[in-house]
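Look for chain A in each of the two complexes below; its partner is chain B in the first and chain C in the second.
Up next, the complex of A and B:
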């Protein structure tokens, strides 16, 4: 798995490429942690190249929900494939995490 | 066609497990959405077995074996290793909102497995622990 980050104006973009599983989820955790340490408040995760997600990946997103709500940090996921989105839906996490179709949409609600 | 794979118990090998399940089920003409769900369930169980089992002193006992059987679209995934038995069925399903409040990163893997599979059996046959995940599908 590969993660790249880039700053676009006030948005902090994290792009995930490959499989997010028990062996790689730590990298996503570190990327989000880095965004938090930089005081970023509008984080967009581009999942267009994300091919697979397991509970380890879901767990990383889940673990930030509470703190982000308390600290007004916005986390929005975009460009999920149907396959990846289905995994969020199994446990209803798609209703607890902001998920939109495009990066443009993500910017409007971040 | 061989429906068996053996991997060394290492999270780096989970991708090989997923590829094996996916390829095997494709050859059995299983529709993609069902394949994706079963790949996820098997991946979760194998990850759980890898992460929560101490490394055995004997290299020969540090493997996970997976076999896929299909009897008229009744699928059985046999997962065998030398880790301790852990009864997934007695595992209390966590409340997602509670896990979020506790900022937990883990705890939902087995919940996914239970949602996806019809049944999970676990047994011990020294020196092995054997898990049987079953799923019946109806497709043309």
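Up next, the complex of A and C:
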């Protein structure tokens, strides 16, 4: 798995490539941690290359949900494959995390 | 014990022979009327003399043979002491005669013969003892060849006792040629001086002293024998005895050879001792691993033994861990700050620690060394410690001399260091193995715990047929299912999946079971159950962990199912009348995902009714996420299809059909994740 982070204006973009499982979720955690430490408030996660997400990967997102709500940081996921989106939906996470189709959409609501 | 008795018997027989010879001599001289007829006398006396020699020698053969070899100084000391005592005795006897002021005393044939007999006894004891002590020394670290040569020599020598019966002229060339094989064998044996090498410098000096004294004692005996020989009114004259002469010659030769060899060995002795010390250090290095000493003790040993071996003035040792970080630092005769300065100077000169050893003849000839000039270290030896081509440390030895390390030393140190590297590697492998074993033991416990949390038997009532398939992954997973009888016609059935793997998953599953068992008995509406379960688990689960759960309350009387789905994969209900399948989905957030008081907004309860022969399929994501080599997942649709195809079968057969199909799809009988499948069939 590979994670790339890019700063676009006020948006902090995190792109995930490959499988997000127990071993690689640590990297994602570090990337989000870094964004928080840099006082980023608009974080967009590009999942277009994300092929698989395990419960550990989901755990990383959810561990930030409350912090983000309390600190007014918005986290938006975009470009989810149907499979990945299904995982979020079954778990009910689509109600807690903003999930949109495109990056442009993400920027408007972030 | 038997040997000891035999030895005593030999000594008694020897003594008796000696007394009988004496008695015979006395009677010959005093009474002129011998005990034995004269014609036989010569033969008898010679027989007695021979038995005396033989038994004395045999007695000492056992006596010395039972002694531990290795302590050569003690053996030589024994030869000397026996020699000294015998010299002392004969001196006392001699001086007794002198003080008597009687000229006749010495010239009296009786007295002189008795004195001579005592001398014979003493000399024989001295020679027998000496002979077997030499045997012990010659055969030290023997080979088969030396052993054979010695034994031939020994037996030939003992056989030569029969020479007593004949007269030989020892200067006769024919005699010399005839006996030359014995002489040659004796000479060959005499050059087996392996014991010399095992003496320390001090012991060598002591041996030289003892040997010199033994030679002097031997000479004094020889002198006494010939003194009497010249006076010559003796019945038995040792000076003519070939056996005694042979032994004498052998002893004398041995002493001289050993003395010379010892003398020539003295200058090289210190080198030899050093080499020997190195071997011992190797052994110590070896043992340090075997006795399970700590890795740190090994560093200490490596640095101290390397320093003594090359006589270095200072040294330091750096050990790196598997990731290359500094694990240990050990310095000797140099303080850490100086090490730091030296390393800086080395770096400036592009001397980096690589996998190749490096030798700096004179560091002060390099630039950038002003700061370490005052330290006065000139030659450096940098040796890397490697294991599997990975650098695990560096040993640096320093000397005040320029070009202070010669090739010999460097070779020894290399061997040392590679030995130490192996030891360090073994230490690490051992600790890794212990850690892995402990981890696996923990996993096994977790797996056992997890298994014990699942119900041992599943039975609702006779209107529901229920079968389960549950397969743990290689790792410990967190699939959970349970049933609870609310009343004879109402049952709660739950299926869930704890996120994560390993010990923590098993632990969280235990919490889930506790929460389920305590809440279910309250017989709450299913959505309220989920809210309370979320509250309870939200407080105790780790932030990143969550649990997906589906709860079904089945009423077999009204044929209804109430359910709530907290993020778990939706169950499938197959309607038998029209053979259609529907997913029991609907809104529901996983437990532990929302930990403020908003969870109730994310969960709903649903109710539906079923009819006879309907099938309810409950499962965990391990089943639908099973994938084939090209990473396509088995998925919900295939599961639904298989359910539909086998819905008319019994639950057990439905399970077999589905599992077989999944395994066929994934091309493996081994699930990557754990996988649980529950089939309920109503009747």
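The working rule: the second predicted complex is superposed on the first by the 110 of 110 C-alpha atoms of A that agree within 3 Å, B and C clash if a C-alpha of one lies under 4 Å from a C-alpha of the other, contacts with A are read in each partner's own complex, and residues count from 1 in each chain.
In this section, a residue touches a chain if its C-beta (ideal position, glycine included) is under 8 Å from a C-beta of that chain, and two chains touch if they have at least 3 such contacts.
None of these values were measured; they are calculated from a predicted model.
K.L.:
Considering only touches as defined above, state whether A:23 meets chain B (first), chain C (second), both or neither.
P.N.:
Touch partner of A:23: chain B, not chain C.
K.L.:
I'd like to know which partner A:93 touches here: chain B for first, chain C for second, both or neither.
P.N.:
Touch partners of A:93: chain B and chain C.
K.L.:
If you tally the residues of chain A touched by each partner, is the higher count for chain B or for chain C?
P.N.:
When the residues of chain A touched by each partner are counted, B comes out ahead.
K.L.:
Given the touch rule stated above, what does A:6 touch, chain B (first), chain C (second), both, or neither?
P.N.:
neither
K.L.:
Can A:55 be said to touch chain B (first), chain C (second), both, or neither?
P.N.:
both
K.L.:
Which of the two partners, first being chain B and second being chain C, lies in contact with A:109: first, second, both, or neither?
P.N.:
A:109 contacts neither chain B nor chain C.
K.L.:
Where on chain A do chain B and chain C both make contact?
P.N.:
22, 52, 55-56, 58-60, 62-63, 65-66, 83, 90-93, 96
K.L.:
Please output the residues of chain C touching chain A within their complex, sorted ascending.
P.N.:
497, 499-501, 543-546, 548, 566-570, 585, 587-590, 593-596, 602, 631, 633
K.L.:
Which residues of chain A touch chain C in the complex?
P.N.:
Residues of chain A touching chain C: 22, 51-52, 55-56, 58-60, 62-63, 65-66, 83, 90-93, 95-96.
K.L.:
In the complex formed with chain B, which residues of chain A make contact?
P.N.:
Touching chain B from chain A are residues 19, 21-23, 25, 29, 52, 54-56, 58-60, 62-67, 83, 86-87, 90-93, 96.
K.L.:
Tell me, which parts of chain B touch chain A in their complex?
P.N.:
11-12, 14-15, 18, 32-33, 36-37, 39-40, 43-44, 47, 50-51, 96-97, 99-101, 103-109, 111-112, 115-116
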